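Structures incoming, each one as structure tokens.
Each of the two complexes below includes subunit A, the first together with subunit B, the second together with subunit C.
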Partner chain A sequence: MTEPIVKPRRKNPLLRTRLPTSPPRARSRASHGFTRAAAEGRFMLQRCGACGTFCYPARDACPACLSADLVFADAPRRGALLSETTLHVPADVHFRERAPWRVGLVAMECGPTLVAHLHADCEEGQPVVMSFQLDKSGQAVAFAHPERETPNMADDRQWREMTADPKFRRVLVTNGRSIVGQEAVAALKAAGASIVFVGVAEPWKPFRGEDALRAIEGVQIVPLDIGDEKSVADLAADIGGKVDILVNTTEHVRAGGLLDRQGTSVVRDEIDQSYLGFVHLAQAFGPAMRMRGSDGVNSAAAWVNILSVYALVNWPAFGAYSASQAACLSLSHSLRAELRPGGVKVVNVFTGPLDIDWFQTVPPPKVAPRVVASSIVSALKRGLEDVFVGDVAEDIRQRLAANPKAIERELGA
Partner chain B sequence: MQSSVRTPYDRVVMAVPVTIPYVRYSIESAQWWIGRALKALVDGAGIAPRDIDGFCVSSFTAGLDSGVGLTQHFGLCVRWLDTIPLGGASAIAALRKAARAVQAGDARIVACVAGDTNHVDSFRYTLENFSRFNQDAVYPYGAGGANGSFALIARNYMRMFGARREDFGKIAVAQRSNALRNPDALMKAPLTLEQYMSARPIADPIHLFDCVMPCAGAEAFLVMGEDVAASLKLPAVKILSTIERHNAFGDDPVQVRGGWTMDIGELYTMAGVKPDDIDFVQTYDDYPVISMMQFEDLGFCRKGEGPDFVRQHDLTIDGSFPHNTSGGQLSVGQAGAGGAYLGVVEAMRQVLGQAGPTQVKDARIGLASGFGMINYDRGLASGAAILAGPGS
Partner chain C sequence: MDSNSLKQFAGAIASGAVRVVDLTFTLSPDFPVIVLPPEFGQAAPVRIQQISRYDANGPAWYWNNLTFGEHTGTHFDAPIHWFTGKDLPNNAVDTLPVRDMIAPACVIDCSAQAAQDPDFLLTVPVVEEWESRHGRIPERHWVLLRTDWSKKGWRDYANLKDDGAHTPGPNAAVMRWLVEERGVIGFGTETIGTDAGQAGHLDPPYPAHHFLHGGGRYGLQCLCNLDQLPPTGAVIVAAPLKIQNGSGSPLRVLALLPAA
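Moving on to the complex of A and B:
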């Protein structure tokens, strides 16, 4: 049984912060099929297109028939734990300071045997359920869970290394005026976040939902105008050392593309708010988060962006907005690489049009802000990296994978 | 499993067993260690380096150099060359290839050498870069290295066949007692079963004295025609039979047997001997559980009887079943690929009557085996050879 984690005490500012170390990072190119699966929370194995054999580790030819037609396919998650060991003297720094560490051999019902990290409640000889997770190096690893829910399951020490669970962590939500921001605050508090800082520009101006926000225990409203570099830097100077999860709920949506707009002022606003706002936040909060990636139970763990799914392919009806989102998406990949040495995840939550005023004229289906909020929490708890929320986002993702040219023409029709 | 009729190793022999005594850490390179071994080979045989026309080398730490680079390094001009990266199976594989090359006339004198250095950080480097499957799917899981992988195999074996830690301990303790008679063994202190049992855990059920100590060193021998050995007046070792197998029993969910099992009939048939005729055995002892597995797979008892076999035998030099008479890797040290050669070179000394303080009385026929390359979840390479002295 898993012991529940205890709320960390206030940090002694005189103590040295333990620096983050990375688990082994090197992988073959083929192996990144698991990285993709882990990023989205899928369990995929290579399967031979010719003979149907599932194989593992990642190969470039089928070990049963030598076909090169190996594709990553969703695979049954069940297996049995054949043998386990507890490593007391690992060879590298990362695991040495986390020892003892438990791993095992799992025979999958679909065939292959996987070396896996073990949840503490897995028992030898018993069935387990597998997932691929992104470890602190950002690479995929196989993780074995007990078949049935066990008490305090999410508090398992090895599991928590794979996730960015909000429990006992301190969160900054950057925009408390937006409905998505307010829903995110409520969901994160409900998930056990110890403090949620909520950024509000010009906080003396009242806003809808303010009373409800202030009524939640552990919520602190802080002044933050992310378009203003100094405002962001001031807040980071104040709370930057205790932001474990940053949720960027910046929302700046305007309709239109290029030809029906006069001049660049609207475009400039979009870039200032979405793109430069992201830059300001990253430069102010990123370095401290990267330093605090191994800082105990409430280590820095994740950076969450809420992006329009039209970051992936332009929707001319909101053409300039789509482009600003594409810029943010590209920047998020840079941030992901730069935060990786700290073991801090960058989670991109892609949504279709939200059910908010700025998408008033867009026909349904639209995404309820509450659903975005619960997707954020679920992504953090499961340790995901790319999340698609709602039917439109999923539709765009699939069409883009099927034929990027078709979706370009169809969105522009 | 069909058995083929194999050409005997007629008029091909091994000579000049060489060990360059090990050190725990060395600031020298692998090339330095391999060079010392080559020098000992030519000095021992009374030949010049130019007389070596075949070269077979194994090393984990020679950096960018394969065999061909090493020919220039050592000034060897050879007409037959091989680089064997099979870890603990390298010596058996080297012997097999070299013997056939000599038999076919492709080479006259082949130097088979394994040498590795051990810098303070080189073992971790080897672990990190061992194989693609290891890098993708093993090392990121706690960075346990071979200890972690063999722990999973050992635990499964214990549960399936009722082996106890005491049984593994008996193997390790007997080897230590053998090693105390070998001046070149790195382990100099006696080991009791109590010390073995109370050692600190490394990766359950693997504890400290189940693990080999990585070190620097080199081992080597020559393969040549019987006539060449006679003309050089070198005591010669006969090769009665050999086997080699890779990636056997891939469908076993956890490794409980090695590739020897597939070829064991051929090993004894070709040699014309039975397990009872073997005077001593040198197993590949990266972990005692693997030695126990070899007692079964090499035909000394049936599968699952390894624990009982160990309980019923005295495994020391003067015992009922002399095993790893030099002390084995567990007590001499594991000099990288040299670990593959340790048992083969000691077997040569035994059948030649040159083993000195570790000599088994009247040793005529011996078996040496190799095991290597835990590429993913199991050791893939296995091999064995039955060797005999000149009088047999």
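Moving on to the complex of A and C:
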């Protein structure tokens, strides 16, 4: 049984903050099929197109029939723990300071045997359920969970290394004026965040939901106008050292593409609010988060972006907005690489049109802000990197994978 | 006037015999700007982006890049700002006569009324009552409406409700009268605009803009320290930036007055 983690005490200022270290990074290109699966929370193995054999680890030919037709496919998650090994003095720096560390061999019901990190409640000979996780270096690793829920399961020490669970962490939600921001605050508090800082720009403008937001215990409203470099830097000067999870809930949606807009001020606003706001946040908060990636139970853990799925392919009805989102998506990949040495995840939550005023004339299905908020929490708890929320986002993802040209043409019809 | 008088004047400023009062708010990112419905183009807020500060980007020097709308902070409105003044000659900040940038002011204290009613409107009778005490408003004078609004916190200063802003200003009749009957050079307020917060519901809408700029006159807004000015006798120095075809600009507004 897992001991529940306790709320971390205040840091001893006489002690040096432990710097992040990375688990081994090297992977073959073929192995990045697992990286994709882990990023999206899927369990995929290579499967032979000729004979149907599942295999592991990643390779270039089927071990059963030597066919080169190996593709990653969703696979059954169940297996049994064949054996376990507890590493007491690992040679690797990262694992040495986390020792003892348990790994094991899992015989999958679908065939192959996997080397996996073990949840503490997995017992030798017992059934386990597998997932792929992104470890602190962003590499996919297999992780074995007990078959059934166990007490305090999410508090397992090894599991918490794979996730960015909000429990006992301190969160900054950048825009408390939006409904998505307010729902995110409530969901993160409910998930056990010890404090949620909520940015409010132009505090002289009243906003819907303000009283309810102020009434939540453990919520601290802070001045933050992410379009303003100094505002962001000033906030980071105050709380940059205690933001463990940053949730960028910037929301600046305007309809229209290029030709029906006069001038560039609307475009510029989009870029200021979305792209430059992201830059300001990253430059102000990123370095301290990267440095605090191994800072105990409430180490810096994740950066969450809420992006339109039209970052992936332009929707001309919201064409300039889509482009600003594409810029943010590209930037998120840079941030992800730059935060990786700290073991801090960058989570991109892709949504279709939200059920908010700015998509008023767009027909359903639309994503409820509350669903975005619960998806954020779920992604943090599961340690995901790429999340597609709602039918539209999932549809776009699948159509893009099938034929990017077709979807470009259809969205522009 | 001979050069001696100007020298005396400069000497009086240096000695403090002429007092200089700063009527300007600091131009900063957190100062409220006019809020329009989101479907309209918006005034860019003030942004101060550091180029270098004795660092790797410039080891010996500190400087910033600035962006802001023409109508941010304490600012000046030129006639071209409003449709009524669009066809007037010399109607932009770069072409308006420089002599108009220095003019005396009449300060009408309505702070008591504004404290009672955020939607207080200046009317002709209120100004006439002021004139009965301080004399007729001479031509080419600024009329500055003192409300003490500049002393409020930002939220009360903007005072936005779900039906718009509630801040004091002039009614339509008094604006027309000040322009046509008194020949004022301009009208200044402590609030975000020269017009009242609810002035969109007056006839014509936004009468200060309508009549001032239609008559080739100027506006000043977001002024502070009006409580330090006498009802008459102060001289206002208000020189907007020389922006090509500019409709207005943030500026430093100074009042000169005899030291008490």
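A few notes on this one:
Rule of thumb we're sticking to: the second predicted complex is superposed on the first by the 412 of 413 C-alpha atoms of A that agree within 3 Å, B and C clash if a C-alpha of one lies under 4 Å from a C-alpha of the other, contacts with A are read in each partner's own complex, and residues count from 1 in each chain.
Everything that follows uses one rule, which is that a contact is a pair of C-beta atoms (placed from the backbone, for glycine too) under 8 Å apart; a residue touches a chain by one contact, two chains touch by 3 or more.
Because the structure is a prediction, the values reported are computed rather than measured.
In the overlay built on the shared chain, the residue A:A58 is in contact with subunit B alone; subunit C does not reach it. Touching more residues of subunit A than its counterpart among subunit B and subunit C is B.
Of the two partner chains placed around the shared chain by superposition, subunit C is the only one that A:W204 touches, whereas subunit B remains out of contact.
Of the two partner chains placed around the shared chain by superposition, subunit B is the only one that A:L87 touches, whereas subunit C remains out of contact. In the superposition on chain A, contact of A:V141 is made with subunit B only, not with subunit C.
Looking at the shared chain after the overlay, A:G104 reaches subunit B, while subunit C stays out of its contact range. Contacts of A:D269 after superposition: subunit C is touched, whereas subunit B is not reached.
Contacts from subunit C toward subunit A in the complex involve residues 29-30, 32, 35, 41-42, 44-45, 47-50, 153-155, 157-158, 160-161.
Across the interface of their complex, subunit C is touched by residues 202-206, 223, 225, 227-231, 263, 265-266, 268-269 of subunit A.
Those residues of subunit A lying in contact with subunit B across their complex are 23-28, 31, 56-58, 63, 82-92, 94-96, 101-105, 107, 113-117, 135, 137, 139, 141-142. The touching residues of subunit B, when paired with subunit A in their complex, are 123-124, 127-128, 132-133, 135-145, 147-149, 151-153, 155-156, 159, 200-206, 250, 253-254, 376-377.
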